[in-house]
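My questions all concern the structure below.
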Amino acid sequence: MKESTKNSEWRHRLHEVIYEADTKAGKVFDILLFFLIILSVILVMLESVKEIDQNHHGLLLTLEWIVTIFFTFEYIARIITVKKPFKYIFSFYGIIDFLSTIPLYISYILAGSQVLLAVRAFRLLRIFRILKLVKFIGEASQLKEALKASRAKIAVFIYVVLILSVIMGTMMYLIEDDEAGFTSIPRSIYWTIVTLTTVGYGDIAPQTNLGQLFATIIMIMGYGIIAVPTGIVTVEYSKYGSKGKRKKTENLIHTNTQVCETCTAEGHRDNAKHCYNCGDELL
Amino acid sequence: MKESTKNSEWRHRLHEVIYEADTKAGKVFDILLFFLIILSVILVMLESVKEIDQNHHGLLLTLEWIVTIFFTFEYIARIITVKKPFKYIFSFYGIIDFLSTIPLYISYILAGSQVLLAVRAFRLLRIFRILKLVKFIGEASQLKEALKASRAKIAVFIYVVLILSVIMGTMMYLIEDDEAGFTSIPRSIYWTIVTLTTVGYGDIAPQTNLGQLFATIIMIMGYGIIAVPTGIVTVEYSKYGSKGKRKKTENLIHTNTQVCETCTAEGHRDNAKHCYNCGDELL
Amino acid sequence: MKESTKNSEWRHRLHEVIYEADTKAGKVFDILLFFLIILSVILVMLESVKEIDQNHHGLLLTLEWIVTIFFTFEYIARIITVKKPFKYIFSFYGIIDFLSTIPLYISYILAGSQVLLAVRAFRLLRIFRILKLVKFIGEASQLKEALKASRAKIAVFIYVVLILSVIMGTMMYLIEDDEAGFTSIPRSIYWTIVTLTTVGYGDIAPQTNLGQLFATIIMIMGYGIIAVPTGIVTVEYSKYGSKGKRKKTENLIHTNTQVCETCTAEGHRDNAKHCYNCGDELL
Amino acid sequence: MKESTKNSEWRHRLHEVIYEADTKAGKVFDILLFFLIILSVILVMLESVKEIDQNHHGLLLTLEWIVTIFFTFEYIARIITVKKPFKYIFSFYGIIDFLSTIPLYISYILAGSQVLLAVRAFRLLRIFRILKLVKFIGEASQLKEALKASRAKIAVFIYVVLILSVIMGTMMYLIEDDEAGFTSIPRSIYWTIVTLTTVGYGDIAPQTNLGQLFATIIMIMGYGIIAVPTGIVTVEYSKYGSKGKRKKTENLIHTNTQVCETCTAEGHRDNAKHCYNCGDELL
């Protein structure tokens, strides 16, 4: 039994290091993980640049191996220290962690590097894991509340923008010729959105007088329409930013970085003793 | 007389299915209609893409026939179940419904496909019919009130933007040469609006130093001017978004989807028993 | 003396027609003037389009003559009906009115059409004369107050944007080569403003990695900086848009369209009996 | 001893002229310095334009000598009049002043004009010195407070925008071909930021249908996301712009332009008698 307790304690300490950020070792681990994730993302980027890949292939591969080995140990440690490993393995982050680990192993089995690159790009999603570190989390929380509150209104706004784009894109297709780039209705709609959002690549541009007149109307609409989401977010945010409500949102901000050992649930209340999800004790 | 009552009851039930969304059959019909309208719009889009039209012409035609037949039956049913059919036929939606139905029939009589495409594009307007389904209608209502309140101010804003564009466009025409793309005053005004709204295609761009200096002024103006509609909408919207006013707007939101059988008026009060427009009973 | 009174009365009535909009004849005159100014502006535009000028030169010239003759009579009438004609002649609008009238006469004396076009473009400024007609004047007034209040802050903002543009433009000149379009510092600054204001023509674009990284920073800055004027105008406008202040601004809105016969001062109080400027009676 | 007092007084008066703006001579000096700094910046700009440099090389060099000599005397005077010269020499502005003075001297020793240009560009930073003159300083102060308050939230916003750009840029690299310009992931990320910030150069643009669909999503996101910084700045600024807080910020605005003779600290309170930094008397 003593053996078992020792084992449990060892596992518990490892759990605290990997999943939490309130001990010193936990913070060091999180910062190390942060830099390795950033490194792994930069490696994917650099490998896509032909000249760099050709000149420094060896270095990139070495660094890739370092990242992969660290990720492998981390993945195994995460499985071991969690009480219900299968729950972790098939959770969102469990799958992301797995996909971040395997690409290099697979590359020795399969050849299609393009597919592997796509898999490696999933590593980016691991970045969200590290938001724990970010001290700005309270600020983000407040913003998130405001965005959540204005979600429905922004959906209506995007719906109207899309309908407008379809109608005006179709009209531009009827007005403009193929030579100007308006070869099909979907392409005309693409141009309309490029114009309405004031991006304006210029790869497709109206050539006829009527087309340019029409484009002018779309531009001025787009220029004015942008006021709508801005108005929505500003008003909703001012509600959450005002003193009365701020107290309420501050309660919503969880500075507790503990993660349940049983079900990996996050975001516990500051003085929580039990997991709000599965009821197990938080250690 | 019993015959007549039966007939009337059958018509009344069909009316409820087609025009309203508060019975189960009505909801199913609305969802079906929604998908067929979306399908009909997508068909118009796909047919404009040359490769798709050539490779899948048969499939597109079959789907077009399905949509057309459904729309035909729906149009006839709408005429039958309304008490005053002519009022419906010559109403805005009546004409849209008619134009959405006929293109395929006409294509067997006339040849000019381009004109037919234009007619088919009217189907897009049918999308507005289905807004009934959208649960966000309350949100849209609130936004609409804010936009309606800021209408006059935005009109003044657009008026000023247009005068500025005409003046600055004319000046750019005098400054820049034909080679840079400033071949006429209307074209220079087009460029000015492209620049002022920060779209910036780049198909026309100033080449001389003076022209570039002047363009810089226009850009900074455009960059600053955008603050005006944003300010207007934000302030007006914050009025309608505040608690005191919200109650008032909530009264304006009609969740009643009933449509008068006599005059096809919509937007009745929640507990309305009589049409606010013609006074006939709502069933 | 009777003769003189008659003369004076006739002049007074003509003054009311030309300068004011509160009699029926005055309104008709204002609307006619509005359309002729718009027509004169459109004529300048159309004449700049080569094809239209070649094909319809006769029609354009005829319409130009109609406008010129009307403007000539109007100019003479304005001089006659004002008590101090020289004050009008050398006033801002007096000079604009004169410049709007003469181009066609001069074209028979001088040849340089380009210069004449520039003079004719001044006609656009006459548009401001007709703002009298616009019912939105109250709305514009409110906006103007808000913009006036935020003037100093927007000046600071533009000052900072310009300094940033100069610094970053110089850095881009050092980073990028001539081939990418960064041939001189002023041109690099032009590019920086094009980028910072999110216009983005694409005639000049960074080619090197460092240049693109730097451009990215400028873009994100520009994307964020736009929040500043928007915030300023929104806050200032919300002050003038709130109920308490609205009353105050409504007092500032002059719906009185009378113009003093002596000094041509505008904007008298609603029940004003004497000109606020020269003290003469308003008739 | 009398000699020493005389010397001290002479130094003190010079200090007031150079460092402060509340005497007449001080104001004249500041305005002269302002124009010479602007001139020195314009000289750097003009010299980079090949044609101007070739045609007017002599004039530019003469003006450059005038600026350099003035800056040299000013730099020496600043060192003499300060009690602790080394503190000034190694302060931020001390280094900038030194770098603004030396380029012309060095050009007679070294040859690499490109490096010298970079050094001369530092002169731009001297512009900040003259902000003292600007009467808008109060306005800027208020803005600065609002921006400082929204700093953390804007950092979160930029962090999210960057993560989104990395993820979407990688996806575009997988979707689009090299021919469309998406040659590497960093370049795809560059394109994503160009699109997300609605700059839209058009040097790189998606060619495939899937790529264009994806670009559309990025554009609409960018169009909506801009509402976030706008909302943040507006709300924060409205707090500092409201009456209650304004009083507080007005206290923060220092209209005192005195500079401590000992430690060159600025921003003393209006009636300050002693330097808040080193405690020496302000004269």
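Which chain is which? They are A, B, C and D, in the order written, and residues in each are numbered from 1.
The criterion applied here is as follows: contacts are C-beta pairs under 8 Å (C-beta built on N, C-alpha and C of every residue); 3 or more make two chains touch, one makes a residue touch a chain.
Keep in mind that this is a model prediction, so the values were computed, not measured.
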Rotating subunit A so that its CA atoms sit on those of subunit D: what angle is that, to a multiple of 5 degrees? 90
Which chain has its C-alpha centroid farthest away from the centroid of subunit B? D
Mean-CA-position distance for subunit B and subunit A (Å): 34
Among the residues of subunit B, which are close enough to touch at least two other chains? 157, 186, 198-202, 226, 230, 232, 234, 236, 238
Quick check: in the complex, which residue numbers of subunit B touch subunit C? 152-153, 155-157, 159-160, 163, 166-167, 170-171, 173-174, 183-186, 189, 195, 198-202, 205, 209, 212-213, 215-216, 219-220, 222-224, 226-228, 230-232, 234-236, 238
Considering the complex alone, what residue numbers of subunit C touch subunit B? 41, 44-45, 48-50, 114, 117-118, 121, 124-125, 127-128, 134, 136, 139-140, 142-143, 146-147, 154, 157-158, 161, 186-187, 190, 193-194, 196-203, 226, 229-230, 232-234, 236-238, 241
For a test of understanding, state which residues of subunit D touch subunit B in their complex under the given definition. 198-202, 230, 234
